[in-house]
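Right, one structure below, let's go through it.
As written, the chain order gives the labels A, B, C, D, E and F, with residue 1 at the start of each chain.
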Amino acid sequence: MASIIDIKEECALHVRDFEFTYKGAESPSLKKITMPIAKHSITALIGPSGCGKTTLLRSFNRMHDLYPGNTYAGEIEFEGRNILSDKEDLIHLRTKIGMIFQKPTAFPMSIFDNVAYGMRLQGIKNKTELSDRVEKALKDAAIWKEVSDRLKHDANGLSGGQQQRLCIARAIAVEPEVLLFDEPTSALDPISTQGIERLVIELKERVSIIIVTHNMQQAARVSDYTGFMYLGELIELGETEKLFVTPKEKLTQEYITGKFG
Amino acid sequence: MASIIDIKEECALHVRDFEFTYKGAESPSLKKITMPIAKHSITALIGPSGCGKTTLLRSFNRMHDLYPGNTYAGEIEFEGRNILSDKEDLIHLRTKIGMIFQKPTAFPMSIFDNVAYGMRLQGIKNKTELSDRVEKALKDAAIWKEVSDRLKHDANGLSGGQQQRLCIARAIAVEPEVLLFDEPTSALDPISTQGIERLVIELKERVSIIIVTHNMQQAARVSDYTGFMYLGELIELGETEKLFVTPKEKLTQEYITGKFG
Amino acid sequence: MIDKIFFNFTRFSALLILIIVAWIFTVLFNHSLEAMSTFGLDFITKDEWAPNLDKFGAHAAILGSIISTMLAMMLAVPIAIGVAIFLSEIAHDKIKGFFGVSVELLAAIPSVIYGMWGLFFFVPIIRDIFGGLGIGLLAAGIVLAIMILPFMAAVTRDAMNTTPDILKESAYALGGTQWDVIKDIIIPYAKAGIIGSLILALGRAIGETMAVTFVMGNVHKVPGSILDPTTSIPVTLANEFSEADSSLYFSSLFGLALTLLIMSFVVIAVAKFYFLRKARRA
Amino acid sequence: MLPRYENKLNEIRTQLSRLVASIISANGETLQAFEKDQDDLYESARIHLKTIQTDANTIDNEVIKTLALYGPEAEELRLLVAFLKMTNELDRVGENMKKYNNRIQELCRGECDITIMTPSIIQLQKTTLNALVYIHDYLEAINTSDAQELFRKVSVEESKNDDLFSIIEKDLLNLISESHELSADYVKVLSTLRKLERTGDRTVNIAALLLYAQQGGELNFHA
Amino acid sequence: MLPRYENKLNEIRTQLSRLVASIISANGETLQAFEKDQDDLYESARIHLKTIQTDANTIDNEVIKTLALYGPEAEELRLLVAFLKMTNELDRVGENMKKYNNRIQELCRGECDITIMTPSIIQLQKTTLNALVYIHDYLEAINTSDAQELFRKVSVEESKNDDLFSIIEKDLLNLISESHELSADYVKVLSTLRKLERTGDRTVNIAALLLYAQQGGELNFHA
Amino acid sequence: MTAVQKRVLINKIALAFSTLSALIALGFLFWILGVLVMKGISALNWNIFIFEGAPPGNPESGLKHALVGQAILIGMATAIGVPLGILAGTYLSEYGKNSKLAHTIRDISDIMMSAPSIVIGAFVYAIVVMPMGHFSAWAGAIALGIIMIPVILRTTDDMLQLVPGELREAAFALGAPKYKVILSVVYRGAKAGILTGVLLGIARVGGETAPLLFTSFNDNFFTTDLNEAMPSLTVTIFNYATSPYEDWQQLGWAAAFILSMFILGLNILGRLILLAGKKRK
C-alpha cells in the first residue's frame, strides 16, 4: 500500500526491504522499508512520534551498533555495497555518512580542535592542511565570520545555534557523502532554526542530506523529497512539492492536514 | 508608533503605560505598554526571544515579586483596581489570575490532590465539595475520562500532555477570571499540542486567556487578538485575523513573514 | 507569620554549620596553644616524641601521613580510572550493573574493616615477601589505596557518566573508536570532575584513621624505608588520646589534630574551589 | 484539526454553496419569467443577483484569512484555492446571468419574433440550471460526493448546452438571411443567448476546480 | 526568509511578468498589423497568445506549491492570492486578445468601411496596451513601485478606453442606421472592439489586486 | 599501518588495560568481602546477641552491649543531625539560593564532610568530655551528629534544588504562601531524595570509629546510661581485633560482619528508594 516514487536522479543510498529490531523487542520497529535516497538532494522523514523516523536515520550510519543486541535485515546500498553486512568497516562508514544531532554536541575542546577532530582521526597531521580545511569547513557552515577571531576559544562558549553550525562544520570537514540530520533545530530558537535551514539547503550542493524532523513545515521548507512514516512503515515517499499538495496516500493526507497527530 | 486597536468587548485587564525593570537593570525591560485584554477572548503575545512577552505575562499575576528587587511602573487594571499597588493581596490575586507554565508542573502528589490543592489553600475541606469540584475541573480540562479511574495515582505517572491538562484543571478548579499560558505546548509533542490548543479555545467560554507563544502559527490558530512585541515594546495589537493578513506595522509584517527572527 | 518563623528556623540551622566550624578551630587552637608556645616550630620539624620526657615533635607523624597518602594515591589513581572506564564504557549492561553496585557498596564499608583485613591478611603477605614486621608505610599505603579505590572509582565513573550520550555518539559518528571517544571526549569532558574527585579521595586518605591504625605501627620515627613502621597524625591521635596524662601531652595531641585539620582543609578546599567548581560550571 | 479551523472551512463552503444557490434561484426565476412572460419574476431574479459580487468578495477574504491563520495543506489547500478561483467564475456567471436576464426581457418585448426558438432557449437555459444545481448539490455534500461524477454530469450539460446553442445559432442565421432589416436585432438575440453558453463553460470550469480539489494533480484550468 | 522561498516568490513574479509581456507583445503586434495592414504580424501575435493559458496554469500551480510549502502570511500571502486571481484575469485578457486579433483581421478584409474609425480604434487599443505596460513595469519592479500609483494610471487608461469606446459605439450606431444591409457587420465590429473595452476592465481588476497585495485591507474585486 | 588501523590497535590495547585494572581492583575488593563474610559468618551465633562482653576465654561473651550501644548512639546522632541538616538544607535551597552566605555555608559544609572525623572527636573531647570529666554517650552522639549534619544538609540542598522552579512558581500561582509551598510541594517532590540522604547519612556515621574513640569511649558491659561511656560496634571491633586473644578476634569479625551488613543494607535501601522515586517519573 505504500506509495514510493522512483527517483530520476542517481541514488546516494538505496534501502531495500529493510527491517530493524531493537534488542529484546518481539517485532521489528521498522518494517520492510524500501526507499531510494537521491544524491545531492534533501530527503526529509516525517511522521508522528514513535513512527521510526529517527530509528531509520540511525540505521544509515549504523549508530544502533553502539548498543549491542539490535538487529538489521534487508539491505541498505551505499557506494555499491550493502552497509548492513557484518564486514562493513563502521569507522570508514561513519566518516562517509556524517550525522548531526538533536542538540548541539560541541566537544569539550577549542573551536578549531572541534572541527579538526574528524580529520585528525583520519591521520591528518599537517598543520597547514588542517587549518586550511578547518577554515573551509567553517566557511561552508556559515560560521567562519563569527568565530575566526576566537578559534582557540572553548567551543562551549558559543550560542546554541552557533554550536549546531559548528557541529555541521565538523561533520563536513571530513568530506562525507551523506549527512544525517536528526531534528537538528528542535533545541534551537526560531532565528537559529532559520539559519540552520538555510545552511542545510546550501549544503546539498556538496552532500546528500537526510533530515528527520517533527516539524512538518520544516520538511516542506527545506526538502526535495519527503517520506512519511507511520508505525515503522514508510507510507509514502514523494517529491516534497507534490506530497504536500497532492499526497497519494490517505494516511499522509490526514497527517499533513492535521487530522491525526 | 505602536498600533493598538481599541477592543469593542469588555476588558478583563487593562494595561496602561506599564513599565517593568528587572533587579539591577539600568533600563526597563518593558517600556510604556498600553494594552487592553478582552474578556472571554484569547489574546496571544508573540515576538522574537527576549522581546519581553513572558516578562509581561508574569506581571499579570505579579510572579516577579517572588524575586525581590524587580520594579513596576504604570498601571494594570483588574476588577477595577490597579494590581500593581503595594496593597494588592498577591495570594488573592493569584487565585483570580491563574497560570500555566512551559513545562507541565504536576505536584508530587496524587492526581486528585493536585487538582484539590488550590481549593484546599482556600480553606475548602468538605470532601464532597472537593471531589465534585475536582471532577468538574478535570472534565472541563478534558482529561476526566483518562484519569477518572486512577485519581489516587501519582500525577507524575501521566504523560506530558496529560500532565499539562492536569495543570490546567488545577488552575481552573479555583475558578479564576484570567488564565495566563506561558508557552504551554513548547515541551509537548504535536498531538498533545493539538489537544491543549483545542482545550484553550474551549476554555475561553469561561475565562479570559492570555497566551505567550514562540510559535506564530499557534497564535494564529488559537487567538482572537494578537499582540506583537519587540525589544520590550508592544508594537501592534490587533484582531488575529487582521494582524496575520494585513499587519499595520512594518515590523510586525517582517516578523510574521519571517524576514527577521 | 508562620512564614517568618519557618524562615528563621531554617536560617539558624544553616548558620549553625559556620558556628561549629569556627568553634572547632577555636577549641583546637586554644588547646594546642600550650604545645605551640613550648615547642614553637620544633613541633613540626623535630621527630622526637617522648611523652615521659614531655617532648613532643610531630615531624614523623606529619611525614607519615603525607607519605602513606602519596603512596596510596600512586597506587589507586591509575587503577581507579581503569575501573571507571571499564564500568562506564566497556562492561556490558549486566556486568556494569553488578560491578557498579559492588564498587559503590564497597565504598560504604567502614574503614575499620579494611584495617582489620589489612592487619590479619595483608600484613603477613608483606612480611613473607619483604621480611620485617610487615606493619609499616607500605602496608598502610596499600591498605589505604584499596580503601579509597571504590570511592575513587565510583566518583570517577559518575563524573564520566555525566558525558551526554549524544556527545559520545557524535564522536562515533565521525569515525572514532571507543578509546578515541574515551580519551578525546569523555575524559576531557569529565576532567575537572575527575580531578576534583581524586583530590577529595586524597583528603579522605589523609584523615583516614582506622584503616591505617592497624597497620602503621605507631612508631614516632622518620622511617628509613617504606617497609619500616612509622606513624601518622590520625594514628597517633587514635592510639594516644585516651592515654594522655599531662596537659602538654594533651596540648600536643590537639596540636596534631589542628595540623591534620588544616592539611585536609587545604587539600579539600583546593579540590573544591579549583576543580569541582569548574566541573559544576561546565 | 482544530474545531475552529474545521468550522471555518465549513463556513466558507456554506457561503459558497449559498452563493451558488442564489444564482440558481435567479436562473430559475428568469426561466420561469421567460416561460410565463412575467416581469415581476425577472425583477426578483435581479435581486438575487445583486449581492453576488460582494458575497464572492466575502468568501475570498475568508479564504485568505484561513490561509493566513491555518496554513492549510493537501486537500484543504486545494479546496481553498479552488474556492478562490471559483468565486471568479461565479462572479462571471452572475454577470452573465444579469445581462441575460436584462436582455431576454428586452427581447421578449422587442420586435423580433423568437417564438420558434422558445423551446430551444428554455432547454438551453435548463442545461445551465442543471449544471449549477449539480454544483450546488456537490458543495452541500462535499465529503461524500464524487467530483469525477460531478465533472461528468456538468460536462454532459455543457455539451447539450453547446449543441443547443449551435442549433439556435443556425436558426438565427437563417432568420437573419430571411429578414434583413431585423438582422441587428437577431444578432442581439444571439449575443444574449451566448451569455447562457458562457455560463455553461463556467460551470465546467467550476467542476474542474472541484475535481482538482478532490483528486489533486495539476490545476488545469480552461478560460 | 529562506532563500528558496524568496526564489520561489521571485520566480512566480517573473513568470507572471513574462505572461504579461507576451500579451503586450501580442497586443503590440496586433496594433502594428492593424496600422500597417500586415497579415504576418497578426499571425505572430497569435503565436504569443497561444501559451497564455498553459502559462497561467503553471503559475497557479507554483502558487499552490508555495502556499503548501511555506504557509505565507501578510504581504506575501496577499501577493500570492493576488497572483492566483490575476491569472484568471490574464487568461481572459488573452482570450479577448485572441478574439480581437482574429476578428479585427477579418473585419479589415470585410465589406465594412471602418477607415473613419481607424484612429479611434488605434487609440482604443493603445490604452489597453498602456495599461498592460504599466502592469508589466510594476511587476518588474514590485518592491520599489507604488501600487496606488499603478492603480491610478491604469484607471486613467481604462476611462480613456471607456470614452473612446463610447465614441466609437456612437459612430457605429450612426453607420448602422445609415447602411442597413451592413448593420450585422457593424454589430460585429462593435463586439470585436468590446473585447478591447473588456481588456481595459481586466487591467483595472489586476491593478486592484496588486493594490490589495501591497496595502492589504479587504480584497474587493469587481468582475 | 594506516592511521585508522593504528587507532584500532591502540583502542584494543587501551581497553584491555582498563579491563585488567578493573579485574585487579575487583579481585582485591572481593577478597576483602570474602574474608569478611567467611570469618563473620563462622563467628556468628546466638550468644552474640544474648551476652555482653566478657574477659577473654569466657565462652559466654557476646556483643549485646555493643549492638545496643551502637543503636543508642546512632539514634541520638540522627535525632541531632537530621532535623538540623534538613532545615539548614532547606534554608540553602529555598531562601539563601545563590547568595554569598549560602555559598559559604555550602563550601564549608562540603569541607566538613570530608574533614578527618578524628578531629571532630578531639573537638568533642574538648567541649564535652573535658568539662564533664568523663566519657559519655552524649559526647559520642554529639560527635556523630556533627558529622551527620553536613551530609544531610548537602543532600537536602541538592534534592530540593532538583525540584523544578516551575513547580514552586505553579504553587505560588495558585496563591500558596511560601512555607506551604515548601512543606506541601517542595518537600514532597524531594521526598525520596531526602530519605535516601538520611539513610546514607546514618550509614555514614554508623561506620565511624575514630570520633568515638575518645568521646563515648568503650565499655565491655551493657549500659543505657547516657552519662557514662557507651560501647559501640566500631570501637569494639577495633579493640577486639587489636587484642591478642583469639576468641575476641572472632567476636571482632562477627561485629565487623554485622556492622557491614547493617551499613550495606542501609545503602541498598537508600538506593532502592531513589530508584523507585525515579521510576515513577
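Definition applied: a residue touches a chain if its C-beta (ideal position, glycine included) is under 8 Å from a C-beta of that chain, and two chains touch if they have at least 3 such contacts.
On a predicted model such as this, the values are computed, not experimentally measured, just so you know.
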Intersection of contact partners for subunit B and subunit C: A, F
Both-way neighbours, i.e. chains that touch subunit D and touch subunit C: A
Maximum centroid distance from subunit D, chain identifier (CA atoms): C
Same vs different contact residues, subunit D with subunit E, by half of numbers used: same
By number of C-beta contact pairs, the top two chains: C-F
Chain centre separation (subunit B, subunit D; CA means) in Å: 49
Inter-chain centre distance, subunit C versus subunit E - centres from mean C-alpha coordinates, in Å: 92
Between subunit F and subunit D, distance of the C-alpha-averaged centres to the nearest whole Å: 90
Interface hub residues of subunit A, defined as touching at least two other chains: 91-92, 121-122, 194, 217, 220, 244-245, 258
Sites on subunit E at which at least two other chains make contact: 2, 5, 64, 68, 71, 73-74, 77-78
Residues within subunit F bordering two or more other chains: 4, 7-8, 177
Chain-chain contacts as defined at top: A-B, A-C, A-D, A-E, A-F, B-D, B-E, B-F, C-F, D-E
Interfacial residue positions of subunit D with respect to subunit A in the complex: 1-2, 5, 71-78, 215-217
Subunit C-touching residues of subunit F, taken from the complex the two chains share: 4, 7-8, 10-11, 14-15, 17-22, 24-26, 28-33, 35-36, 83-85, 87-88, 90-92, 94-96, 101-102, 104-105, 107-112, 114-123, 125-127, 146, 149-150, 153, 177-179, 182, 203-204, 206-210, 213-214, 217, 234, 237-238, 241-242, 249, 252-253, 256, 259-260, 263-264, 267-268, 271
Touching residues on subunit B, where the partner in the complex is subunit A: 48-49, 189-191, 194, 214, 217, 258, 260-261
Subunit C - residues contacting subunit F, complex: 2-3, 6-7, 9-18, 20-21, 23-24, 27-28, 31, 78-83, 85-87, 90-91, 99, 101-106, 108-117, 119-121, 146, 149-150, 153, 175, 177-180, 182-183, 200, 203-204, 206-210, 213-214, 234, 237-238, 241-242, 253-254, 257, 260-261, 264-265, 268-269, 272-273
Of all residues in subunit C, those that touch subunit A in their complex: 92, 164, 166-167, 169-177, 180, 184-185, 188-189, 191, 282
